[in-house]
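Chain IDs A, B, C, D and E follow the sequence of writing; residue 1 opens each chain.
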Amino acid sequence: GKSDEKTAGTSTSSGDQKLEKVSLMLDWYPNAVHSFLFVANEKGYFKEQGLDVDIQMPADTNDPLRLVAANKIDMALSYQPQVLVARGEDIPVQSFAALVRHPLNQLMVPADGSIQTPKDLEGKTIGYPSIPLDEAIVKTMIKSDGGDADKLKMVDVGWDLIPAMATKKTDALMGGYINHEKLLLEKEGHPMRTINPADYGVPDYYELVLVGSEKGLKQNSGLYKKFIAAITKGQAYVAAHPEEGLAILMNHEDKTSPLDKEIETKSLEILLPLMDAKEKPFGYQDPDTWEKVAKWLESTNIIKQKLKAEDAFINF
Amino acid sequence: MNICFGIWSTRGASGLSNASILSIKELAYSFNDGKPIFEYMSLNVNKGEFVSIIGASGSGKSTLFKLVTGLLEPGQGEILMNGQSQPKRLGTVGYMPQKDLLLPWRTVIDNVLLPVELTKQNKPKKRTEAQEWLTRFGLAEYEQAFPHELSGGMRQRVAFLRTLMMGKDLLLLDEPFGALDSLTKRNMHGWLLGLWGELAKTVLFITHDLEEAILLSDRIYLLKGKKGIQEVKINLPRPRNSELIYQPEFMSMRKELEWLIHHEN
Amino acid sequence: MKTRLNKWTGEYGLFLIVVILLVSLWEWVVRQGFIPAFILPAPSAIWRSLVENRQLLLEEHLPATLKEVLIGFVISVMAGLLIGIGMHFSRPLEKVLYPFLVISQTIPLIAISPIFIMWFGYSIWSKIAVTFLTAFFPIVVSTYDGLMSGGNEYRELLQTMGANRWAIFKTVQVPLALPSILSGLKMSVVYCVVGATIGEWLGASVGLGYFSRRMSGNLQADAVFAAIFLLSLLGIVLFLLISLVEKKLLKHRFRI
Amino acid sequence: MKTRLNKWTGEYGLFLIVVILLVSLWEWVVRQGFIPAFILPAPSAIWRSLVENRQLLLEEHLPATLKEVLIGFVISVMAGLLIGIGMHFSRPLEKVLYPFLVISQTIPLIAISPIFIMWFGYSIWSKIAVTFLTAFFPIVVSTYDGLMSGGNEYRELLQTMGANRWAIFKTVQVPLALPSILSGLKMSVVYCVVGATIGEWLGASVGLGYFSRRMSGNLQADAVFAAIFLLSLLGIVLFLLISLVEKKLLKHRFRI
Amino acid sequence: MNICFGIWSTRGASGLSNASILSIKELAYSFNDGKPIFEYMSLNVNKGEFVSIIGASGSGKSTLFKLVTGLLEPGQGEILMNGQSQPKRLGTVGYMPQKDLLLPWRTVIDNVLLPVELTKQNKPKKRTEAQEWLTRFGLAEYEQAFPHELSGGMRQRVAFLRTLMMGKDLLLLDEPFGALDSLTKRNMHGWLLGLWGELAKTVLFITHDLEEAILLSDRIYLLKGKKGIQEVKINLPRPRNSELIYQPEFMSMRKELEWLIHHEN
């Protein structure tokens, strides 16, 4: 109800032209990584493209993929490996932009602890949210570091990643983000060392991608192009004026659930370089990355059927 | 077997007609446990008659009433109302159960008006009527009381009144005055005897009080369980009044009845 | 006025003392660091957060949740009573429905959240659907069981008065079932609060549940508990309201 | 033997027909693509997944969940009865406890799951604690309300026989409260299944809830629903068991 | 005011002593609504006596019993047991309430054994005793029946038996034989009269049956609500038997009593 009214409000303020409604589902609740969306909204970049974007929050990190595939929403934020897993389960989704180009989900160990590289995890307990993908990442890391993945004890910590670590129930943590859990743990006095999976045999995957349904992307490509144009502008603005970009996000969120300014500032600092596509346009996806990630997922048995990696994405 | 006592009355005087309002033929019934309560029992009640039923505790008097009301279905035999076999008997007679069964969450007046409510009659009018009755039965003060605030006898009077409010022609009263003291009982008797002609009701009446039975009844049925049923005619002239019970004829009638009961069992 | 105050103190004095003691203990435990504040914040911190966010909480989130709870409760009561009564009257219906009711309770809501969103979108109805699913079950069970609670003798009496099934139901069975039904309502109203919270987790943009989830992701435990405090308060107030209704309705019942 | 079969068919025949109809409809709807299979898989797919994972599900996860459910239920029943009885006997206790009970229900479990983990770690006890918290409330309410259910006249009679409070409680109040308590138990046992599922979500390495969450993370909807199917079945079986106990205990009650 | 009837008996013969087992002094009581039920009522019962209480419906007989048992506390006045004021009277007398109050979920025998169970006596022995009583009261077949399977009179007998099983010296019986037919009642009377000497019990007995009261009692108290209480001595010789009721002395006694009741109210 509420968000509808808000978008309705913006559309009337534009007045003259008719806006195309677009629904977008976030991967999680709004945070620094989404600044560009709110900037694009606030600065009227969406409107310039004739779009009226309705931003939703999911119940579960997997809901966006399913709802996009079911054509209940137009686009969603998800993760590159998850897009491949979905396609492996015959869920017809495709990625059409890479937002965060490197893993945020990294192995975390106490900064003052004895664990330096993944193989030191042998015999240790690691907490993770019981997602098979996280399990595969850890195992690949240990293996590539020359350790024995079977000597590792993996504990499902449900949704309580931070308390599991903070109360020392586990020796390491998988499933936490360097721009969120790490910062929060630090703030609570538990500094963490992070180990990037990309450094230990896991392909350097895109953490955050924008997905649409195969059908939608084919039939309505114009819409997605317009959307990309708007967010490219949004991201450029955020990169140029991070403080103001963040302020727009914070301002939007203050209306319901204020964010922690300190954390989000640091988060954006971490994110901006990881979102930068350098010479390529914002959101560009490298077929090579897709290929590598698909291969790796097959090798770890997370995907059981052979996939054509190039079908999993589109570059506009 | 008919035993007739000394005094004969003309039938017309007590308002009797020969039309049968209730006629039970060769009735048999047994509860789930299989032991039969009745076997081939027959009886007949004519319009305007007052018939009492007496019998040992557990002989099946209350069960007979439940059969007549339609709460139970006879295993064998027929129950005819107004000469016709009526498959749906529920709701056709006024029944006062042995337990008062006042609804504990309703006031006295609301309990009394229950049948009126169920049959969707003109309630305000009936309410005034019920209030008059309550006064006559000595319960005027208790109109708004809840059943748990009443004494045993008061509860019984309320239950009796509730039965009257059903407005049926045939009343089945299961020990209606059992919990009343002699004085109150006398009043009720007096009221019953006095009003009898006017009301044009037929009453089937279970009691353990032989005097009461003789005083009020035209006939008495002695229920003897499986051994059958025996009819006793009471030919006292009407109008009767409660002074009757000290008369020698009455006494001897009572004695004979008592003898009958004791020696049949 | 004085005596009413006295009575109130007598009734709730002990409760207040216990609450004050517990809250003090809690404050102390957290201050001493026995429990990290980000897991369980001190009452004072919760209070501060409550005051800080009061406008947001009281003017935005509380009304939204309250609306979901109330609509959900009304629907739960109506449907719960209807189903319970239906099952009482029809044995086949009972046989068919009961398993489905139990299934509806054992399915984890989060697993079917996409279905809700598919059907109801992000409107208030998806939250009300969750609220309903959480809260109608106790009403069904207690209505159905309450209606089974004997009263055969009264029923027979009314039958002899020519009452039909419906009249007997109204006049005897409902009053007899009332205590049980009210028990169910009391539970249900609490579960409505729970249901609305869960419903908001499954997708919302306003409400105390939404707020608490957002703050929880941010590790702002004090704000989370400020929202929980309001949720609990809402639950208690609604529970007490139903208890009051119960007391009124069952006033003349203690002698049955 | 024949008649028993007949009776069984009469009792459950309709249910089976409805189930078969509904399942066919469901299958058809999914096959036709009205609901995408990754949101609601077809019954046949669920069944296939169930058969495929039968060993894992039946030998590993089901027993783990069952254990949590049973231990949780036993504790809920004991504590629920005790609290309900305690509140019945002591008015101050009632005044103090009731708000806390309602609070315990309105706190979103997810918000206090870190506390459980702090206290119980990732052992079975954290799941049992969640199960308990989900399931004890209906027992408390129905026990307390059941014990309130009148019987004053019987009570007085026993008092004149020199019975003390405990004897009256045992001989009159418990039998009178039994229908209500059993209502509570029926609800509670279903909530135990829910509680165990939620408990496993909050951190576990075995159990049907764990399995369903994991499969959900892998977007394997059919496996998720296979686990849910077993959870529902577990709920129904336990519910029917309590109903059976109820029937036995209340056999001679229908005439009260 | 003492009214003495024609026949005097020697006190000793009927086993009376002069020790007071129950003595009520200047009792006053009113329910919450404020209307007083008694005002300054006094009565006395000696050990071994059989005392009946009669009075109009709603005059407070049952309330008096509740006061004596300790279920209610007097507003004013004293209730002395064995000459002493006993603050905790509950559990000291055998009380049979006006409603039978059989526990519906217990069989007949378990209902009868309820007091035994509560006082933790030797149950097997008492069970045999109870079974003998059941046979004597004509309920042998119904040992395992549930109350709802009994007739009204059977329920009353079970309740009476339950009271006997309490094994108290002072019995308060509230209309114990109200729902019994005359024959069964006679049997119970015969049994009460015959066993009286042996049992060494004291009985306070509420009844509406004047004959019953005269036949069984040493004294009768007439309860007249707020107007006080009146004592009537019955000086019939003991042992008595139920044939007595047809004797002219008995008749006149009954008539006088009736007159007394009717004209005081």
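In this text, a residue touches a chain if its C-beta (ideal position, glycine included) is under 8 Å from a C-beta of that chain, and two chains touch if they have at least 3 such contacts.
Only a predicted model underlies this, so the values are computations on that prediction, with no experimental measurement involved.
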| item | value |
| --- | --- |
| Separation of subunit E from subunit A in steps, with touching chains one step apart | 2 |
| Those chains which touch subunit B and also touch subunit A | C |
| Chain pair that, of all pairs, has the most C-beta pairs in contact | C-D |
| Rounded Å distance, subunit B centre to subunit E centre (Cα mean) | 28 |
| Gap in Å, rounded to a whole number, between the CA centres of subunit D and subunit C | 17 |
| Centre-to-centre distance between subunit D and subunit A (centres being mean Cα positions), rounded to whole Å | 38 |
| Inter-centroid spacing, subunit C versus subunit B (mean Cα positions, whole Å) | 52 |
| For subunit B, residues that touch 2 or more chains besides their own | 99 |
| Shared interface positions of subunit D, touching two or more other chains | 39, 110, 114, 118, 153, 201, 216, 253, 255-256 |
| Set of subunit A residues in contact with two or more other chains | 60, 66, 70, 162-163, 167 |
| Complete list of chain pairs which touch one another | A-C, A-D, B-C, B-E, C-D, D-E |
| Subunit C contact footprint on subunit A (complex, rising order) | 1-3, 28-29, 56-60, 63, 66-67, 70, 72, 162-163, 166-167, 184, 187-188, 255-260, 263 |
| List of subunit C residues in touch with subunit A within their complex | 36, 38-39, 53, 56, 60-61, 64, 110, 113-114, 117-118, 121-124, 201-206, 210-211, 213-215, 217-220 |
| List of subunit D residues in touch with subunit C within their complex | 11-12, 14-15, 18-19, 35, 39-40, 92, 95-96, 98-99, 102-103, 105-108, 110-112, 114-115, 118, 137-138, 141-142, 145-146, 148-153, 179-180, 182-183, 186-187, 190-191, 193-194, 197-198, 201, 209, 212, 216, 224-225, 228, 231-232, 234-236, 239, 253-256 |
| Subunit D - residues contacting subunit E, complex | 153-154, 156-163, 167, 171-172, 175, 252-253, 255-256 |
| Contact set on subunit A toward subunit D in their complex | 60, 62, 65-66, 69-70, 82, 85-86, 89-91, 129-133, 154-160, 162-164, 167, 169, 302 |
